[in-house]
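Same chain, two partners: chain A is paired with chain B first, then with chain C.
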Partner chain A sequence: MSTPYTDVLSAVTRQRGVLGCLLVSEADGIIVEANVQVGIEAGVAGALVASLYRRARLGTDAAGLATVGFLQLEAEQGHVCAVGRDGLVLATLAEPKAHIGLIRSAMLRALEVL
Partner chain B sequence: MSDDIRRLSEELARDPSSIVFLQLGEALRRSAQLDLALRVASRGVERHAGNADAHDLLARVRVDRGELAEATVEWEAVLRLAPDHVGARKGLGYVLYKQHRLEEAEHHLGLAAEQGDPAVDTALRMVRRLLRYTNGSEPPHGPSPNGDRLAAAERRVEDEARRLFADILGDGPQTALLLDGEGLVTAGAYVTADGEDVAQDVGAALTGVRDEADRTVKHLRLGAWRAVMYETDVATIALGPVLADSLALVAAARTLPLGLVRRVLDRCIQRAESWLSEVV
Partner chain C sequence: MRARVAEAWVEAPLQRFVDDARVQFALLLHPSGQVLGQFGFTRAVDVMAACALGAAIHASAGELGKELDGHPFRELYHAGRDRQVFIAEAPTARGALVLLTAFDAESSLGLVQVYFRELRDALQQAAPPAVESGPALDGNFESDLNRSLAVLFGRAQQPAAGPAKSSSPSA
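Showing the complex of A and B:
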């Protein structure tokens, strides 16, 4: 089934090393659209990334550093990336060797379309 | 009055013997309603004199009111009731540190650390550093420091902390902080263009990101996290874990490339870890 967001997510998941891309509500982590590989629990991932992004945004607001744009969490076994707009968060899960620069560009382009 | 405080107040009014006063007192304390918090906590202690958490709540309210001696009495009561109470050990460690009773502060913080609370790790290291500088080359359990030696030791530690990242940052449009497990600034500086020191505010606002990062990597099975970086309209923020409880934070102008900010963060983490690890 295709939604208005399917093409937006596909543009990100096409990048090398991307394991999944999700569009979630920032406030409650509810999934709007998800395209993830088998084995990834989209609901859990969406909720966690939305919460991380929200915490960063609130902290940044409180610190007077204006709006959060692209966020990246780097861990031993992968990356989590997120960008947000109008209460939505576009989240991407990627392998450790993924090219974050290309993923970032794809996510920022996708954000403009949302 | 927040919805939570109203709900908890109504619940306590319906059943004055309920231990919901613990939640209500804490909510009032967190919202800086310290007079009300004191009243709730004091009544709670009267009704539940054998409840260690009641005394702990009252102690925390007393500390927030700057009443360190009264807080000490309450935390000592906690330890009589529950000798393994980590909160009381941490609290006493903090109060004794503020009172310049460093050996005793180290004792309580050390016990809290032994009981598995990683959030005291940095505080304990800082107390031990002060003790080392105060007592010269003697081990931490040396004689009680006199005022002059202690003041000199504090100045030395403050100076080291302020300059910890200076050579890494240079004169570039970037700054760095080392935050402890409570989000308090241990080292570094964050001064705005108009000269205002906002280090504590920035540290307190951003330290919660660590909990979210911990939770995310745990549930997604990503192993340990190394960095969280995000771009804002005015700056790039990079955070990285330091030892068990601390956090390094680098803030740089948006004009600096992300990769450079990441390298600066790595160097700040290494510097912070080696500085903190000088004292075990």
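Showing the complex of A and C:
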């Protein structure tokens, strides 16, 4: 089933090394749409990344650094990237060898059309 | 702040839930309204009221779900202006338990759902086996209820671990 967000997420998941892309409500941590590989628990990842992004946004705001442009978390076995706008968080899970620069630009382009 | 419990086996799962989900209040109760554990409440009368209301909401929602969908609703969520309430059922060997929790913007519905699933699994693993079944509301329900509240607020000792009835946990 196609939704208004399907193409937006597809543009990101098309990038090499991307394991999944999720659109999550920042306040609720509830998935709006997700396109992830088998084995990834989208609900769990979405809720936690939305919480992380929200806290980062509040942190930068409190520090007088304005809004979060792009959040990247580097883990042992991959990356978590997130951008947000108007109460929505676009999160991407990627392999360690993924090209973060390309993913970042794809996510920022996707954010513009959300 | 630590979770207070009337039965020791629910303490670790409930404490982990409130630590991880960062909720403000949590109540673990039997569907009859008898409390098994609580976090965040300071007065017994508040626990008693929340248990009665939570049990009633859970029962009503279950019947409403059966009417509408043929199955009881599994989870209920209500968003208030500052706080949100989540009610869900956790089946265990000692019968179904009900979690009622309230949280603010420090947490989110998604996080509470995630950690509720962990709590449900932990309770299933921790529950001692039931050996006897009985009515949901037996003759000494009121004294059981009062004893549970007394244990929760430190006015009585926890009962020794042992088998209990599946539908009306002793406290």
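Everything that follows uses one rule, which is that the second predicted complex is superposed on the first by the 114 of 114 C-alpha atoms of A that agree within 3 Å, B and C clash if a C-alpha of one lies under 4 Å from a C-alpha of the other, contacts with A are read in each partner's own complex, and residues count from 1 in each chain.
FYI, a residue touches a chain if its C-beta (ideal position, glycine included) is under 8 Å from a C-beta of that chain, and two chains touch if they have at least 3 such contacts.
Computed from a predicted structure; not experimentally measured.
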| item | value |
| --- | --- |
| Contacts of A:Val80 with chain B and chain C, given as first, second, both or neither | first |
| Touched partner set for A:Gly43, first chain B, second chain C, both or neither | second |
| Contacts of A:Ser51 with chain B and chain C, given as first, second, both or neither | both |
| Dominant toucher of chain A (residue count), chain B or chain C | B |
| Which of chain B and chain C A:Gly64 touches, first, second, both or neither | first |
| Chain B versus chain C as contact partner of A:Ser2, first or second or both or neither | neither |
| Which superposed partner A:Asp28 touches (first chain B, second chain C, both, neither) | second |
| Common interface residues of chain A - those touching chain B in one complex and chain C in the other | 44, 48, 51 |
| Chain A partner contacts - residues on chain B that touch it in the complex | 198, 201-202, 204-209, 211-213, 215-217, 219-235, 237, 251 |
| Chain A - residues contacting chain C, complex | 24-25, 27-31, 43-44, 46-48, 50-51, 54 |
| Contacting residues of chain C [partner chain A, same complex] | 105, 107-111, 113-114 |
| Residue ranges of chain A touching chain B (in the complex, touch as defined) | 44-45, 48-49, 51-52, 55-56, 58-60, 62-78, 80, 93 |
